[in-house]
Amino acid sequence: ENLTLGELHPVTGPASFYGLVMSQTLKLRAEQTNEKGGLDVGGTKYTLSIATGDDQAQATKGVAALRKLMTDDVHFIFGPLASAVAPAVKPIIDKQTDLLQIIDGSIADGVVNGKNSFRVQASADTYNNAVLNYLTENKVKSVAVMTDRSHQGFVMSEKRMGESIEKAGVKVTGLEHFQIGDTDFSAQLTNLRASMPDALVLRGYPGEGALITKQAEALGFKGQIVWEMGAPPSTVMKNIPSAQMDGVTNCIPRMMADYVRLNVPNALKLQEEFKKKYGEDPGENASFSNDAFWILTTAMQKAGSIKAPDVAKALTEMKVTDVPNLIIQYQPYENGLLFKDGQANPPSACQVWKGESWQNPPGDKIEMTTKN
Amino acid sequence: MLSIENLAAGYDRLEVLHDISIKVEEAGSVVVLGPNGAGKSTLCRAISGLLPCRHGKIVFDGKDMTGASPADRVRAGIVQVPEGRQVFPDMTVLENLRLGSWIHGEPKGPDLQKAFDLFPRLAERRNQNAGLMSGGEQQLLALARAMMARPSLLLLDEPTQGLSPVAIEQVATALISIRAQGVSILLVEQNLSLAEAVGERAYVLETGRCALEGPAAELLSSDAVAASYLGH
Amino acid sequence: MSLLSINAITQRFGGITALSDITMSVEEGTIHGLIGPNGAGKTTLINILSGLVKPSEGSMEFNGRQNGPWPMASAVQYGIVRTFQQTRVFMGLTARENLRIAHVAGAGDANADDLIEALALGDVLDRVAGELPYAVLRRLSLALALGLRPKLLLLDEPAVGLAPDEITKMAEVIRHFHGQGLTVLLVEHNMRFLMELASRVSVFVQGRLLFEGTPAECQNNPTVIDAYLGRGLKHVEH
Amino acid sequence: MLELLPQQLVNGLALGSSYALIALGLTLVFGVLQIPNFPHGELYMLGASFTYVLVAYGMNFWVAVPIASLAVVIVGILLDQVGYRRIDTGGNLSLMISALAMSTVLQQVATLIWGAEPHTTLSPLPGVLRTAYFSIGYYQMLIFAATIACWLFVWVVLHRSRLGLAIRAMSQNKMAAQLMGIDLIWIRIATFAIGALIGGFAGSLLGASFPIYPTMGLNPVLKAFVILVIGGVGNLWGAIVGGFVLGILEILVSAYISSQLQDIGTFAVLVIVLIVRPNGLFGRAEVLR
Amino acid sequence: MKQEITFRWVIPAIVVLLAVIGIPFANDYLLYVATIIVLMSILAVSYDVLLGLTGYLSLAHGFLYGVGAYTTAYLTTNSGWGYWPALVASAVISGVMGTVIALVAFRTRGIYFAVLTLGIGLVGYQLFLVLEPITGGVGGFIGIPGLPSLPGFADAPQRNNLVIALLVLAVAYGASMLFLRSSIGAACLAVREDVVLAQSLGIRIGMARLCAFSFSAVFAGAAGSLFAAISNFVGPDDFSVMATGFQTVVYVVVGGMGTLWGPVLGAVLIVALPEILRGASTYAVFIYGLILLFFILFAPKGIAGFLLAAAKRMSRSGRVVISKEAEAR
């Protein structure tokens, strides 16, 4: 029997750099499953195939792609990555009873319903809490925050984050914004520098993050720079000399490279397999796509069915320890559950840039919650 | 000097000129007459290379020019005063004149002086943008500009359009004097007095064909012209 | 009674005085000629009267209305319509569409057929103006103006570039509409054409009104001959 | 906040000079040929990308800049010959669509070659000049100087050279220009070459301070059109002033009003400029004859 | 000219025919793509009244489309309006906005007009981002009620959407035809061809072009309103200048300006193409660009111009039009 799993990722367009890896990870996993004779669900062996819906990170394109997948009789969707697409496809998914979505990318607010849409990626709050923890643990007294105002997840949680920082006793000396694609941040930085915060938090993408870091230094900012972004070293390095990055801290949910550095076996395995097949590193988001794949297929096996409602039910009852092959060490909810209201809980941590890459701070340890 | 044999030319799928043959002698002058839409301007454009020849041959100074580019023809000495002035509106009078002598590099002082002597209005307005000149003034500028190229064959397409009678007189004098300097002239004209004053030979075009040809003085006073051209 | 009176109009462009202190009038029902050397300011006057350009000084009265000149749209509404020295029609549209626009803009009563006949445009109605022969364009542009049923028509060199037979036709057309009560201010360098049509002629030189009189007076006036008509060529021999 | 004004003005000048540099080539091509050359943004991108590639292969940055810029010239001329020459009489809008299409094609070619991910060449001139009132990178000063130099270069070409006379003649009346003995094809090629040269040069230089990726030209080219209009079409001086005006405005809005309203503020000012001066700051009203 | 008039009826007839044959059988995906094509056609046809008739290139229409979408989103979601009144309100509000923009923008012309409207479009897009209480900011507007069902379509929402969109397109097309034939339409043509001549003929050019702008704004609003209800979600990205704003121009120019039916064909081609190219994956956009380039190079007067020329050649009646304009300038 054949079983087609759909994905909504930008494999073309400006965001394809992030989307392509996710699509490749899924295809790699499907291929391997087929090589082992297919996915065994309730005694039937299914040959898996991945149908790619290219959304180009645009809402309308995403809706069309989803509709196409649906007419092609696809009932399981991975993605989307783009926060422009996630809310746009939500109304369609909400209405569908025989469709199941696992979001492996977008961190936008309000796109998970816990009925037929689940998210293995962290929520925006997880990101923010990572920064908050850093600030309090390091006794930072004052902080200025710069947010990419086109980044849905970060913008929508901006106010919440500001409040919780203040509540934790850290003074917010300034809130500024920029936009993806901007190249000049001198106006904002001049203002922020004058407010003399101990730390500067940057929320957005690494391209701008690197530029801001560079320009902050040029304008004489001497405090700690804290990033809050998925930032593969390869990308960071392309935007800033590594020396200028020294000491920058990045506080986010742990991702692919982080788990590799911590020698989590499943991460090393994916890293190796991916490199073998595609000739390059899997990048940050591969861990989410990888885990989404295993979570979904495990749920199917547990449900013994490939009917979406059955699988969804299995997901709600799924425990973190149920799924083999996970890279991310999800923190279980009550009773060891993986999801609460559809949201999984990946752990976060801070990494520090040293030399050519991010390093785990001394003594950083990971609590293993999954079979590895 | 210029010999056109069995020329055909036109626009897109419309052929305007059919089988035209015209000769201009060294230092000779030819007038071309004809009703509106006969193809006179088309003829000028074909000679100066703005329109391709569909058929026939254009020989100038012994060289075959049929396929040459407009620029090549200008360099060979064929210079046109186009119908409807066609000055460079946002450039000054002086710059327009400089462009006239483009093929010779920067304009020589005497050339400029000659143009200004001929049409003092241009000297007065040398730094005014050409587009702000009156219609007639622009026409004079177009003429002066063509002279700057020191042509050996001057094509004039209705150079007196919009000129006052005195100005037409000036133009006639100028044309006669440059002919005396050995420049050949091909003049398209509606103004018969000028045609008579300047032309040696005359051709009458009608719907793209040569209807009549002969010595200007004879032809212009003949009944045949009156019949075919004046529409009487 | 004068249909149009011009009071002390002056027009300066930067340092150039194109018109200085022009005072003249045009009588109802006449064809009034306006001549002068190139750059004398004739077109400038038409621009002012039609509202295209605001004069530096001076005013005009038209048909009992004071305080002109008016903006173009109002001028047309009051009955002042012009043509242009360089042919101006809607080149991308068919002749019919051209006329329709003039018709729509004008009062709207159907004098279209009359116009088409008088200007012999019947055969070309469905051709795009851009591909029409020059002479027809010249007539079409006149038709546009006439379609507005003006009281006063300002014609800027209507015969320029036309062959003799076409000039004859043009003269007939002007006479035809003049016969229907149209007043015309006619700028023209073709003396035979002008002298045949006009009953009075004003002569501008360098922005000043040099002379005004009947065509015959004008042709015999030595200053006009010097400044404008010239002596050498048999200029009237068209 | 006022004590920050000197720094903010310097920020604005630095930003403005990068805008002006990009707008210059666009102004030239648009002013002369009336072609809305959207792919100018891609020429900019290619200038940066070529430099990146050359530097990655170990070439010295300062050697790579002229080579990359010249390579872009070839692309620029090709653009014209492929995409514009055929439809030159088809009207501005078909030129615009053709321009958009070529923009897309170039972006995609770049994506296929280099991927969508950003790259940077490291700044060849690090270091910052720090004074009591402001600090500015040496490289930013270099770009400022390059902008002025490019402007001078174009100005001299247009107004003091025979080529320039021919270029202007062509822009005003093609037919008459031919009748003066000017070879339109070569003038056209020359115009595109200069436009592309400056575009490529801009990319080559700015690529050392900004990320390089296939769609990096999109925003700058939009801004360049805005600058073109603020300054007055075809006015070189306008392009420079317009660039600085836009740069300083963006900085001031972002610094003194809100960085969230940066775009709103800037474009609102553009709208106001055009309402007050419908032909831009230095544009002349069209003459009606 | 005669062919032009024939096409004006033939193309809608084909559309209706295709709809009648296709709608009962098409799957949801095809229905969705067709619906988007129809929405874009509404935009394109009404925009053609502005661009094709008056020659003014507005880049603010992406914003006006957005105004329609957000108005409907707000009214139906937050204020509990029914869809039909919301549709009317969206069209009206967008029309009023358009009129205000036009009053400002028509002080300029040519490229200045294009860039001024570009500026307005950019400001508008940013407003969608910033006016969070009304628009939902970057997050957009979630949970917008769908279109009400027409009788007989209650259990086929996708079909229902398409049929309603087609009905609005029919209204837009009809209204555009009326506009074209009206005296204001004639005045607009005059404005496009030669403003000075138009003025000298006493045409109130301000009024004419204002009407054209407002007209197109009303339908842009209506199209936006449909879009909101059909998507159940609106976010700012669809209304950026580079998205809908430029796309609309592309539909009209690639289709053939000033013909009304050409832009419909343009919208069909440009919207359908990326969907057809889905299979080409990473090469899709590249191929799309090449095809677009090819079309404009070999049919610079748009698909309509190409078809008309072909029709003319077949009826061998006329000559190709060469305008003297270029020379006269």
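Lettered A, B, C, D and E in written order, each chain numbered from 1.
Note that contacts are C-beta pairs under 8 Å (C-beta built on N, C-alpha and C of every residue); 3 or more make two chains touch, one makes a residue touch a chain.
Just so you know, these numbers come straight off a predicted model, no measurement behind them.
**Q** Farthest chain from chain C, comparing Cα centres?
**A** Ranked by distance of C-alpha centres from chain C, the top chain is A.
**Q** Which chain lies the greatest distance away from chain E when centres are computed from Cα atoms alone?
**A** The most distant chain relative to chain E turns out to be B.
**Q** Please work out which of B-D and B-C is bridged by more C-beta pairs in contact, and write that pair.
**A** When B-C is set beside B-D, the one with more contacts is B-C.
**Q** Indicate the whole-number Å distance between the mean C-alpha point of chain C and the mean C-alpha point of chain D.
**A** So the centroids are 48 Å from each other.
**Q** Just the number, please: Cα centre separation of chain C and chain E in whole Å.
**A** 43
**Q** Per the centroid of Cα atoms for each chain, what is the distance between chain A and chain D, given in Å?
**A** Here the centre of chain D sits 37 Å away from the centre of chain A.
**Q** With chain centres defined as C-alpha means, what is the inter-centre distance between chain D and chain E in Å?
**A** 31
**Q** Multi-chain contacts in chain B: which residues touch at least two other chains?
**A** 84, 132
**Q** Please set out, as single numbers or ranges, the residues of chain D touching at least two other chains.
**A** Touching at least two other chains: 111, 173, 175, 218, 260, 263, 288-289.
**Q** Tell me, which residues of chain C touch at least two other chains?
**A** Expected reply: 52, 86.
**Q** Quick check on the complex: what are the chain C residues that touch chain E?
**A** 50, 52, 72-73, 75-77, 81-82, 84, 86-94, 97, 100-102, 104-106, 126, 128, 130-131, 144-145, 148
**Q** Hey, which residues of chain B end up touching chain C in the complex?
**A** Contacts found on chain B: 34-37, 83-84, 121, 128, 132-137, 139-140, 158, 161-169, 172-173, 190-194, 197, 229-231.
**Q** Taking the complex as given, what residues does chain E use to touch chain A?
**A** By the definition above, chain E touches chain A via 27-30, 32-33, 36, 129, 137-140, 142-144, 231-233, 235, 237-238, 243, 274-275, 278, 281-282, 284-285.
**Q** Using the touch rule from the top, collect the residues of chain E that touch chain D in their complex.
**A** Residues in contact with chain D: 51, 57, 104, 107-109, 111-112, 115-116, 118-120, 122-123, 126-127, 130, 196, 241-242, 246, 249-250, 253-254, 257, 282-283, 285-286, 288-290, 292-293, 296-297, 300-302, 326-327, 329.
**Q** Quick one: in the complex, what on chain E touches chain C?
**A** Interface residues on chain E, with respect to chain C: 1, 183, 186-187, 189-190, 192-194, 196-204, 319, 321-325, 328.
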